[in-house]
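The two complexes that follow have chain A in common; it is paired with chain B in the first and with chain C in the second.
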Partner chain A sequence: MTDMPLGTLPTEAQVEERAVEIGGAMPFIAVFKREFKQYFRSPIAYGVAFALFLFLGIYFNGFVSQVNGQMPADTTLIPSIITFLMFLFAPLLTMRLIAEETREGTLETLMTLPMSEWQFIVGKFLAVWAYYTVLLVISLIYVAIMSMIGTPDYGATIGAYFGAWLYGGAVLAIAMIFSALTEDQIVAAFLGAATILVLYLSNTAASALSAQSPVLANIVRELGLTAHYDATMAAGILRLEDVLYFVFVMIAALFITTRIVEIRRWRS
Partner chain B sequence: MALTQPTFGIIGYGGIAFGVLALIAWILLAPAQAKGVLTGRTVRFGGTSLIVTILVIVALAVVYVLARNQNVRVDLTESDAYSLTAESREAMASYAADPTLPDARLLAFYSASQAGAQDRDSALFDDYVRNSGGKLSYEFIDPERNPQQASLYGVTRPGQIAVVAVDPATGELATEDAALVNNAIQQDLTNAIMEATAQGQFIAYFITSRESEGADMTALKDILTNRWDWTVVDANLTQLTSPDYEYPLNDPNFDGQVIIIPGGSAALTDEELGILENYLANGGDLVLYAGTNLNPDQTSLATSQNLNDYLEANFGLRIHPEVLLDTTQAYQTPLLPISTNLNTSALVTSIGVARGQGVLLYQAPNYITVAETAPANVTTTTLSSSSDSAYLISDLSRIMNAQSPEELLPQSGDTTGRFVLGAQAENTETGARIVVFTSTSIATDAFSVLNVSNQQVAANSVVWATNFDNFVSQITIPQQQRPQDVPLFASEQDLRNINFLTIIVLPLGILGVGVYVWWSNRKRGQVKS
Partner chain C sequence: MIEVNQLTKRYGGFTAVNGISFRAVRGVTGFLGPNGAGKTTTMRMLTGYLPPTDGNATVAGYDVFKQSIKARQHVGYLPESVPLYRDMTAIGYLMYIAEIRGVKHRRERAETILARVGLANRANSQIRTLSKGMRQRVGLASALIHDPEVLILDEPTIGLDPIQVLELRDLVRELGERHTVLFSTHILSEAEQVCDDVIIINHGSIVAQGAPAALRGELERGGRVLVRADVAIEQLLPVVREISGIGSVEISLNGVIATPSTTDDPRPQIASAIVNRGWRLLELRPVAVNLEEIFLELTRQGNKDAEAAEVAE
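Right after this comes the complex of A and B.
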């Protein structure tokens, strides 16, 4: 950026130039890069990955031993388990994202940069989603193992992994709301986990409600996460409504998060 | 708990009243502060934010509902688990193209807790509907909320699917011809659709006569009616030719008819024999089980002279009245000889009984002689024979008056050797087919529970006699097995390697990198400070 006398407002061209310095034409890329790198410097991210893969490893071994010689190779199992575990891991991955910035006061500084709150939130979200994507990619090792000892249905695998990717994006976006809502990371994690669990269990709630009100039961089911993943994407059926559900949940959650950050900024 | 109380109560209303009064008091006592709060920046921006957020969510919900109504879905599975395979598509195309086949409906009995399975399986059902040219439809029924409907179709657990043809005349579901499938497995569903809509009509007449044992053949009747959807009637031969009888012999509406003679102690009358002869001369089918002749008259329908003269002259088979016993290959008593000599290419082994493993248990059987030179256009085949140590007792009173097992042992003068216990014959000119077994034990319930092949052979005899297997093969669509259906296989070494890789290497590797990163950051921080 060209030097500028103190007390002089930057011109539009200068702001654009600064934006390019930060993240090119899309400033959220700068936030994304910063956060994404942060994950690989943070021991918590490695701890989360360790716990996830230890659990998956134990589960996978048990499954292979149990179905050995009896059932076909099912590669949709691992992404399904990951989606279930996300009620636990999504809040752990997102609790720090905004709550820490707010608590340490760095959010104010970041907001002085020439980018909107929306770009800031999207950058953060893409970083955590990218980290989650890395975990998913690593879990493909189980698919590779399955393909060595059997013949997996790769079409179903693609559906299940694509679904798990979208599912992860949606729950990470939901968990981010609570990171923006409170400065306390633990509170953010608990609230996020509770919300995701409620959405995960909505199918069960819908079953309980079906006798009293089938319409309400359907609405509850449609709002939940599992109705859009477990029976369809995890089985290899790709439905437009399921894809849109996850994309819209991401958009809505990020929108709400942005509003919360904006309100915080105005309040301050 | 207060939240679940049906009425709000005095505490609830009192609390609200107190809150409202407090709010009014605050506005009256500090109006400037109240105005500031209501028109302040936070509330204005916050309020706008809330409205905008709600609008965005509503807009997304509207788009979602519109997209949902489009019902756009893709089956990504390589095994076509949720879309029709080439075989099923071909079967549905032929079903759609045949105007004589009726419409059908899939009644999927899924409970409320199976909503996910409904979403999943409706993709497959939709594909059936699309490929059937509009002849198929489906609906989901909750068996827990409609137990009567579920029991009407024999549904015993949620997840079962009844395939029911629609009666073209009345437009109502032909409940009695429903085919039940346990899960939405494509092969089963396709075959059930073919079965429910197939026009095959088969009937079995169990002939009633003195001491006939049709009433003791419920297991066989159950197979015919419930598994194969046959009509089964008990009647005597003269009834079958009555003009008023509901199911007359040689009714052209039936694709297959078979007369089953389940034993009997008295010979057929001339009239009855005439009916049988006429039926067989016109290509009819007969399965004959010989009832025991160990009775005071020492007679049986199967060993009667008039019937056997006819059978020998027309089919080359004769059932003799001597009773066959076996001391070396029998079940508990020589009166229950076992046959392990089953024809490896005839119906007893070629339709379902594993070759070399089939065992037939007879009860005081007679024996059959097969003519060395069969009548013209007739092919005779031995189905089952005794062991070489079997022997014949012609003096039946010796068996009936025996006081100890020793009296049943072979004596000098008894004919010993291998004897035919079951045979089949076919007249290739008329199409008549007959199967003869020398004991009713092949088909009676008492022997169906033992670990022998009697029941299966009894059913197979009916299948062969009526050519039902040809009909079934027409409505059974074999599905190609795909590599994805083959179970995975891991050796002990594989399992150990998988264990090491997924429980040790992968998680601990990640943890190791994490520790390294943390250590590096720590050292970097120390250097900076």
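Right after this comes the complex of A and C.
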């Protein structure tokens, strides 16, 4: 179909224009809804879901056949594996979020709408966190299977899942920083994965350091992700400080992302 | 209404926009200048995308920097690159922008505005399948979705075919009846056709401002005239040259162009000189000065000044 020929544009009188009513704008909800829907149309999101559940399925199968009847049904296993795999999957889920808007120029349109950077970033973040939540909920199927063949500790299960939910939010927020930093999605994903891996391995680094400087080792351990998840929440131990750690990481990362978007805009 | 006061943008040592001031009221104001003159930078400051280094601007009465969100509620902006989400439908995109802006009755409003830009029949097409001209109209529709007081269009006719350009110009002219439109272009004839008022900008400074007709009148006053008579140009030339008040003459393809040395209209004297010799006058009219010439003249002047300043430094 071609463009309409000259002179066919309706005039103002022909198109009846009602007075436009404006009010109660919630820009972050608009951004959230669009981005969340986007995940169900994105090949990468399906790829991540496929890889995650393939891995979980194989691992679960092996685990069940190995421990069946000999060990208790450990329902914290699945969230633990998910949190480990997130070093790879979080950047894959977030790399597009801001880099694509920057590259396509749509950021310029959005940042001239009556919407603050913060609303924009929070909307994006909530969308990816919600998608991750969906994946987490689907993985409850393994808990259901375990409860059929054994008697899992539901307290530990709830703790581990709640922890994995917070953990996911934190690493997704961290990975998002790099999507704001570069227009190149691959670079964003790579830097995000590297950063999360460092934070994940800080426990190992802390163990290596503990001989030389126990104080430094403690700081490194507390800064890392593992000390606040694997050792506590994954075992069903819910500590306020761990919850606060993840919430703080999320807010800090979102704040940094907001600042980056703002500074990059002002320099453009 | 747009009010700009000593607006300045510097990037390190480079001054992109250098203390410009202007007012734009209802109607279409053309923002004219060569590429890199500072048009886009100025527009980005007016839309709250870029903070100014100095000076201020208000849009619909709100300071674009201090009351940025308020100001943005009254502005519709179409960036030069017309960024759109290609995987969304036209109506979907408009409803998304409407939702961010808090526009009520979104579907109805989006349908109305799509009809307004002549795209009602492509509402459910993915934007990636639309032609450049149609995308431009989707962009324009998204800038109009909240019926803004001020509409800022950055080179909206770039990359369109001639028919699409004409359609868009008509549309912009119509929009000028209800909105304050700031319309940038580097095509002079376009500004002449579309705009009620023209601001010419070069190297970040305003070099001329006024209605296109007034700008032209300024240069036409005491301007050059074209003379044609039913005799050979070789005969005509010395006669015209000798008329008092004529500074110089030159031969153009079909006649003689006389440039007067005073501000008096030389035409009566030329006419009588020719008729007195028994020749018949075929044509006697001012050589039309178009914006192109005004523009070249003004920007050349500006460039010379800039060079002189650089040499002086």
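The criterion applied here is as follows: the second predicted complex is superposed on the first by the 243 of 268 C-alpha atoms of A that agree within 3 Å, B and C clash if a C-alpha of one lies under 4 Å from a C-alpha of the other, contacts with A are read in each partner's own complex, and residues count from 1 in each chain.
Basically, a contact is a pair of C-beta atoms (placed from the backbone, for glycine too) under 8 Å apart; a residue touches a chain by one contact, two chains touch by 3 or more.
Quantities reported herein were computed from a predicted structural model and do not represent experimental measurements.
Using the contact criterion defined above for the overlaid structures, shared-chain residue A:W266 touches chain B and also reaches chain C. Partner contacting the larger number of chain A residues, of chain B and chain C: B.
Contact with chain B, but none with chain C, is seen for A:L54 once the two complexes are overlaid on the shared chain.
After overlaying the two complexes on the shared chain, residue contacts for A:Y154 are found with chain B alone; chain C is out of touch.
In the superposed pair of complexes, A:S210 makes contact with chain B only, with no contact to chain C. With both structures placed on the common chain, the touch criterion links A:M26 to chain C but leaves chain B unconnected. With both structures placed on the common chain, the touch criterion links A:G105 to chain C but leaves chain B unconnected. Once the two complexes are overlaid on the shared chain, A:M146 sits against chain B while remaining clear of chain C. In the superposition on chain A, contact is made by A:A231 with chain B only, not with chain C.
Taken together, the two structures place residues 41, 266 of chain A in contact with chain B in one case and with chain C in the other.
Only residues 40-41, 43, 45-47, 49-50, 53-54, 56-58, 60-61, 64-65, 67-73, 138, 141-142, 145-146, 148-156, 158-159, 203, 206-207, 210-211, 214, 217, 221, 226-227, 230-232, 235-241, 244-245, 248, 251-252, 255-256, 259, 262-263, 266-267 of chain A touch chain B when the two sit together in their complex. On chain A, the positions that touch chain C within their shared complex are 1-6, 8-12, 15-27, 29-31, 33-34, 41, 104-116, 265-266, 268. Looking at the complex, you find that chain C touches chain A at residues 44, 47-51, 69-70, 72-73, 75, 77, 79, 81, 83-87, 96-97, 99-105, 108-109, 112, 115-118, 122, 131, 133-134, 142, 145-147, 163-164, 166-167, 170-171, 174, 177-178.
Touching chain A in their complex are the following residues of chain B: 41-42, 45-46, 49-50, 52-53, 56-57, 60-61, 63-64, 67-68, 70, 72-79, 81-82, 112-113, 115-117, 119-120, 123, 142, 145, 483-490, 494-495, 498-499, 501-503, 506-508, 510-511, 513-515, 517-518, 521.
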